[in-house]
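Same chain, two partners: subunit A is paired with subunit B first, then with subunit C.
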Partner chain A sequence: MKESTLRLIQYTLGIVITIAIIFHLQIFTSLIGLGYVQGLTWEAVVSRMSNAFYDALYAILLFAVLTHGLIGIRNILYELVMDAFKRRVITLVLLIIFIILFIYGLVPIVAAGGG
Partner chain B sequence: MAEKSKKYRKFVYNQAGVMGWYGSSKYNLERFLFLLHRITGIGLILFVIMHILLTSARVNYSLWETVHSFMETPLSHIGMFIVVLALLFHGLNGLRLIINEYGFLLGKPKKPVYPYRKVLKTKGPMSLLAIMIVIGIILLIGIIYEFLLVWGVL
Partner chain C sequence: MERKEVLFRIKRWNPEKGEWFISEFKVPVYRGMTVLDALIYIKENLDPSLSFRASCRMAICGSCGMIINGKPRLACETQIFHLNSNVITVEPLRNYLIIKDLIADFDEFYEKYRYIKPYLIRRDEDEYWDPTREYSQTPEEHERYLQFSYCISCGLCVAACPTSGTNRRYLGPQALANTYRFIADSRDEGALERIELVDTPDGCWGCHLAGSCSDVCPKGVDPALAIQLLRRAIAMKSLGMAEVKKGAKVVPPLQVTEKKVKATPPPFTVEQKQA
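Moving on to the complex of A and B:
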């Protein structure tokens, strides 16, 4: 993948995260949502888990944040490492980290979606 | 002389490592924002990893109660406050960068004649930065209000 394409993905996901995070954080705001304390109770968590909108939101947020964050880390590491082979290793390691964290984060969402 | 040349080469080939982010003689507002964007970005991805691991406990009531009791500690509240501040800065500065890098609000192009025009000294980018600061302050008030409620001050 070209670096310019990665940058475009990075920017697009930045906008996606901004929109998704507003929906995520409004729950923990007393002015428009449940508030921080109420939003973390088991009842509130179960209620969100059984809501298809929040399942979709968390899945999108999980993918977008991990991709955006790991591309950012890759950019920083690429600036510090010049060797082509080491750069390929960095990309591969970050890709493996992405897959592991994405699956780990997706399991509770899918489990919740299944009831 | 040789020592100076070695140091120069390090910067030219970007081999100064992380210290190269700080070690600039031309330290302006744009560079300060760049540095803060990177630091908050690294902090946020570390938080996200921890957040994914912790919130996965929500499939089980007793596991969630353990995580919840940890999230109710004052130390956790302070940590969350810092994370939200970092998120606010990273998000608003990121949007500013996206808008500017797509060429919006940059004004008319100018010939690269010395003394060069500093982007943040021009009207468009400066106005955008001011708008982001205003939005940031409004959201910051909301965040402080919420945490004062959590800490029982209000």
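Moving on to the complex of A and C:
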């Protein structure tokens, strides 16, 4: 994948994260109308996570934050490592970390959605 | 004429011993004297072993770049009185290998410059190698890259760049600004070729936009802007939104006119002596 494609993905996901987080915070204050404390009670969270819309929102947020963050870490590590082979190893390791964390993050979303 | 004595503290590299050392010289200076003048004075009168590179003495050749009082500057255009200090420190350029004393090794710099193909790339090879006339260009097309063409390759931008200091593979502000200079040139047809070269982590995407390159450029070039414009051009190309540029055509032949212009020369302003 070209560097410009990766950067465009990162920029786009940055916008997605901003919109998703604004929406996520807005849920507590106006859409649900419970306020932060009430919106974070067990019942409120379970009720929200049973809704397919919120599940999709959190899955998108999880994907966007992980991808955006790991591309950023890759950029930092690329400046410290000059060797082409070591750079490929870094990309591979970060890809594996992405897969593990994405699956790990999906578990509660899917579990609560199924419940 | 205003005069004073200034202490020059020069950081020098001894290649035989492989170590840095500091030399101090007291130099009598006068208003209008440059740092290069002082270095020449030191070499001629105080220490003939002092080595530095200089040529045109008028900020055209870009040879005398060095760190003066902590900032990359051209020694030939840095007036001693403008520094407002009685102690002046002079060091070789940062982010370069040093050959001796104040002389930086520019091999890597020019290698990176050559890498981005700093010349017009054309498809009409017959015309390119055996030109009949010049390529046409409007003033507006010229202005798109004009400021970037002022680069004299003095290397001050690279000495000021934090990314060049930490990543030796980074192409550097000079090479990247010149990449944009040719991509923006309406006569050039090598944009895609050059984009392939700089669309890498060590190319235009390595820039952190510190802006120090633009701050130190003695010719008013803004390499930080060029790198951002280069990124935009690459992003537009990746999104398939880039305008397909066709290289400028050669200008049409001059029209031969039959009309003869009758011009009256202006009158002499000095009385002509009779022979």
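Following the convention adopted for this analysis, the second predicted complex is superposed on the first by the 108 of 115 C-alpha atoms of A that agree within 3 Å, B and C clash if a C-alpha of one lies under 4 Å from a C-alpha of the other, contacts with A are read in each partner's own complex, and residues count from 1 in each chain.
Following the convention adopted for this analysis, contacts are C-beta pairs under 8 Å (C-beta built on N, C-alpha and C of every residue); 3 or more make two chains touch, one makes a residue touch a chain.
Since we're looking at a predicted model, the values are computed, not measured.
A.B. asks: Return first, second, both or neither, reflecting whether A:M82 touches subunit B, subunit C, both chains, or no partner chain.
C.D. replies: both
A.B. asks: As a test of reading the superposition: which chain, subunit B or subunit C, is in touch with more residues of subunit A?
C.D. replies: The partner that reaches more residues of subunit A in the superposed model: B.
A.B. asks: Contacts for A:A112 in the overlay, against subunit B (first) and subunit C (second): which applies, first, second, both or neither?
C.D. replies: Only subunit B is touched by A:A112; subunit C is not.
A.B. asks: What is the contact status of A:T18 with respect to subunit B (first) and subunit C (second): first, second, both, or neither?
C.D. replies: A:T18 contacts subunit B only, not subunit C.
A.B. asks: Does subunit B (first) or subunit C (second) touch A:E43, or do both, or does neither?
C.D. replies: neither
A.B. asks: So, does A:S4 touch the first partner subunit B, the second partner subunit C, both, or neither?
C.D. replies: Touch partner of A:S4: subunit C, not subunit B.
A.B. asks: Where on subunit A do subunit B and subunit C both make contact?
C.D. replies: The overlap between the subunit B and subunit C interfaces on subunit A comprises residues 79, 82.
A.B. asks: Which bits of subunit C are touching subunit A when the two form their complex?
C.D. replies: For this pair, the touching residues of subunit C are 163, 166-169, 199-203, 205-206, 231, 234-235, 237-239.
A.B. asks: Please give the residue numbers of subunit A that touch subunit B in the complex, ascending.
C.D. replies: 11, 14-15, 17-18, 21, 25, 28-31, 35-37, 40-42, 45, 49, 62, 65-66, 69-70, 72-73, 76, 79-80, 82, 101, 104-105, 107-108, 111-112
A.B. asks: For the complex, which residues does subunit A have touching subunit C?
C.D. replies: 2-5, 7-8, 75, 78-79, 82, 87
A.B. asks: For the complex, give me every residue of subunit B touching subunit A.
C.D. replies: Within the complex, subunit B touches subunit A at residues 13-15, 17-18, 38, 41-42, 44-45, 48-49, 52-53, 55-56, 58-59, 61, 64-65, 68, 71-72, 84, 87, 91, 94-95, 98, 101-102, 142, 145-147, 149-150.
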